[in-house]
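Here the structure comes first, spelled out in structure tokens, and everything after it is commentary.
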Amino acid sequence: MIPAEVFLTFILMLSIFLGFELINKVPATLHTPLMSGANAISGITVVGAISLAGTGEQDLANWLGAGAVALASINVVGGYLVTDRMLAMFKKKEG
Amino acid sequence: MIPAEVFLTFILMLSIFLGFELINKVPATLHTPLMSGANAISGITVVGAISLAGTGEQDLANWLGAGAVALASINVVGGYLVTDRMLAMFKKKEG
Amino acid sequence: MDILIQFAYVVSAALFIYGLKQLGSPATARRGNTISAVGMLVAVVAALLDQGIVDFQWIVIGFVVGGAIGAAAARLVQMTSMPEMVALFNGFGGMASLLVGWAALNPDAVTFTLITIILSILIGGVTFTGSLIAYGKLSETIGSGAVLFRGQQVVNSLIVLGILGASAMFCMEPGDSQWLFLVIGLSLLFGIMVVIPIGGADMPVVISLLNSYSGLAACAAGFAVDNNILIVAGSLVGASGIILTQIMCKAMNRSLSNVLFSGFGSGKVEEASVEGEIKPISVEDAYYVLEAASNVAIVPGYGMAVAQAQHVVKELCELLEQNGTEVNFGIHPVAGRMPGHMNVLLAEADVPYDQLLEMDDINPRMENVDVAIVIGANDVVNPAARESESSPIYGMPVINVDSARTVFVLKRSMASGFAGIENPLFYKDNTRMLFGDAKESIGGLIREFS
Amino acid sequence: MDILIQFAYVVSAALFIYGLKQLGSPATARRGNTISAVGMLVAVVAALLDQGIVDFQWIVIGFVVGGAIGAAAARLVQMTSMPEMVALFNGFGGMASLLVGWAALNPDAVTFTLITIILSILIGGVTFTGSLIAYGKLSETIGSGAVLFRGQQVVNSLIVLGILGASAMFCMEPGDSQWLFLVIGLSLLFGIMVVIPIGGADMPVVISLLNSYSGLAACAAGFAVDNNILIVAGSLVGASGIILTQIMCKAMNRSLSNVLFSGFGSGKVEEASVEGEIKPISVEDAYYVLEAASNVAIVPGYGMAVAQAQHVVKELCELLEQNGTEVNFGIHPVAGRMPGHMNVLLAEADVPYDQLLEMDDINPRMENVDVAIVIGANDVVNPAARESESSPIYGMPVINVDSARTVFVLKRSMASGFAGIENPLFYKDNTRMLFGDAKESIGGLIREFS
């Protein structure tokens, strides 16, 4: 059996390379939306928070998890909406 | 525990995306070396073959493994050398 | 079921990747953002289906509160305040990672897990306070200058040592929560300490770096709770932040360490050693020149954002075009307070993105330009970056407005820009200063035209 | 130990990725290939350290035999035979995957493993025989034409059904080896059947697709033996092959299914409906024209490879440059029998790569060219692709040599190229045919110059 850490490291390595390839191609025009879009993705912590906030036990971990859900949701919801608002404004010259 | 298949699928997905990004950037000039270089990488099967060829049991799997080592080695050694030979020829105009 | 959840994460990761890929071109960027949001939705739904979850009450409360705040903020924020907003959101993401790392702590955790927990707390904490300070500086809630004091480096080194020590103790005695609290406290403090010595206009670099950190914090949290999707998404964000940081530093011709540690732009204006005299121009005279021009380049900067002048700029641009003048915009990569800041503002005012030229495209054409209108830009058009080797911004690529036949500079005073240095452009023979708030000056021009 | 081996695989994968990244530019490509080779070395060494390995004898024998054959072949092959060589190597890779899949079969295998085993056998087998046939066609060991017969599709469908049935039975009764042999036999047969109906010049597409398959076979083998590095490396290769295939199809304006199933270029030359007359030219007259030209474009094709004329072409190019003439090369993406084939040949003859222009770069300049010299190219300069809607290659982007003031076409006869169609270029007013083997004709020109 290959331990999970190995797989995780593989995944980390691949995602970092992939991130570099993808971002390097974004033109300067889109850097602000890119920044806020990437920021929204970093709210993925919400997924980790959910399982901690739903244990049903009224302990510290549960409260911390609930707080994390709330904060990460601000990041996710706000981030995607604001990015969308910005991108909706980008228009090509009408022929 | 997350089963290994999940990790493997993640790795597959990431590598495919990464492969597309990397290859799409190679200019037409280099397509022949790229093809033979990629071909050499596909000889990675040698790694799988090694563990099968070294079990020490004189059974079918062992023979198959040994055959696979030989064939994959042709691919690996030949592929890298021929790619290097080609690439060594590519020169920039001397100022 | 569990395996399905896991494969849902694979799908979600693929959507994030595909979404980021689509973000690469203005035509598909909006779709890309939506795809990425769908990826997030898939991940959240999958997480909710986890059988370990027995009580949804707190999850729902968290969602509703956080979602409502996020949605309201996103709706209400002004386009000119985008940099602050991103900083703030980023800070919340960091805090969430800190809390997740903390909550993941359990008595059975092995050392590897403890290390990842500490990392996610540490990075999350620094991201949180660092982003708050960045927010404060950008919104000018706190002073935007660089705060430097004697012994700063000693204090910072002590904090780092403290963090290292406390982390090591924590890994050895995870039961003893004082070490944990010490790490949390010190990382929050450290976040403040590293950002205060950096000037307001360098905040975009800081935010971008902190954004990268918040990705790494999510990554560390992913290792701590053994979750692939956190790792993939976290490292995508991590890589993106680092690249943006690099791009900005390159555009300013400064190293990252110069940005972080030099206290650049802390306000000491260099002795004015520039020759030449300042030639102001009235709105009316400027109108006559513009009326006769056949090729105009508009170069906006931070002042356009301050004056909220993007809409009047668009109006002026239309009037000029109706008058048969060719109008282009020249956008410097670090004009404003965020990479791409000017593009967003002008897009808000409906300027089509194919009219926005990057620095490398506009510079070769500058010689054919009759009038270059500089609207609230300063450092990004400073010819000293090209000419004077002793200038702190020497080597930074700038937009060469001084090659145009005439240059109008719209600003309120002779005050310097963020870098705090004199601008010889203002003294050149072909430069005319149109003093006043940019929005008002342009409004005046528009009235002349109609 | 085991965990170290696994992390060595991570390193090896990173090296492959970085190597492929470096392959993206001529200046760094050679280093990239070396980096990728180091990655392979790391992976092999790590595999050898596996504690399950007790007997190195057969491994060493396999290495020595395979490595010697590979090294000898790589050293001896002529640059003009590169396409065949790649096909052959590729076939060996496929066979290796087949053997690994087979060897991985053990009595305890679960269904998931059985499926991956079948996949690696199937893909590996098709890759093996398919590549051998491609080799045969390219080296003209077997006829290079498309082999079509009545009922071909029925036969192929039966084989596919047979493979599916046998695979299903195998998964249900893995102990009964007759199903295994049936799958092996049928996939070897299928490899032959899918490649014979494809014409010789379409072999690059086939090789590239088979290259992609050999990657996928390695991937499947990786799932079968639970090895990450096989999966990563295999999918990189898989993606690379698919992209190259797409690029070639796009350059020919044909769909992949047209390439695979249409029996394109099977030799039926279309009725000549071209007007105009053929105007041959002598070497001497050609020399006078070239001597006076100030701008020359050389467009090579498959005939240059056949004639092995690359070195004399370089010589001619130098003589022209000494004479004050500007010389550029125009390289069509599918000229020759492999993508980038011409680039490799000209690189062999020491032509610097910045003198090799891609089609999209040379076409706009063609109007300023005094003489375009077409050396053994035919389909890739056929104006019918632009002008005649009924042509089978209509829509394929070509190099517009006919826009040059004068065109010299060097070929041996009026025979058609691979697509088997007439070329109206030969009948144009500004075209002169210089008949004869390309190497000899150019040799003649060189003698005139000196």
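Points worth noting:
As written, the chain order gives the labels A, B, C and D, with residue 1 at the start of each chain.
The definition used in the following text is that a contact is a pair of C-beta atoms (placed from the backbone, for glycine too) under 8 Å apart; a residue touches a chain by one contact, two chains touch by 3 or more.
Predicted model only: the values in this text are computed from it and were never measured.
Taking each chain's centre as the mean of its CA atoms, C is the chain most distant from chain B.
A count of contacting C-beta pairs for B-D and for B-C identifies B-D as the more extensively joined pair. Chain centres here are Cα means. That of chain A falls 17 Å from that of chain C. Taking each chain's centre as the average of its CA atoms, chain B and chain C sit 41 Å apart.
If each chain is reduced to the centroid of its CA atoms, chain C and chain D end up 46 Å from each other.
Touching two or more other chains at once are residues 17, 226, 228, 232 of chain C. Multi-chain contact residues of chain B (touching two or more other chains) are listed as 2, 4-5, 7-8, 10-11, 14-15, 17-18, 22.
Across the whole structure, chains are in contact as follows: A-B, A-C, A-D, B-C, B-D. Interface residues of chain B facing chain D in the complex, by the touch rule stated above, are 4-5, 8, 11-12, 15-16, 18-20, 22-56, 60-94.
If you check the complex, the residues on chain C that touch chain A are 16-17, 19-21, 23-27, 29-30, 32-34, 36-37, 40, 43-44, 46-48, 50, 52-56, 58-59, 61-63, 65-67, 69-71, 73-75, 77, 79, 82, 85-86, 89-90, 92-93, 95-97, 99-100, 102-106, 112, 207-208, 211, 214-215, 217-219, 221-241, 243-244, 247, 331, 333, 338-341, 343-344, 347-348, 350, 352-356, 358.
Touching chain D in their complex are the following residues of chain A: 2-3, 5-7, 9-10, 13-14, 17. Remark: chain B residues 1-2, 4, 7-8, 10-11, 14-15, 17-18, 21-22 touch chain A in the complex. Interface residues of chain D facing chain A in the complex, by the touch rule stated above, are 3, 6-7, 9-10, 13-14, 17, 226, 228, 232.
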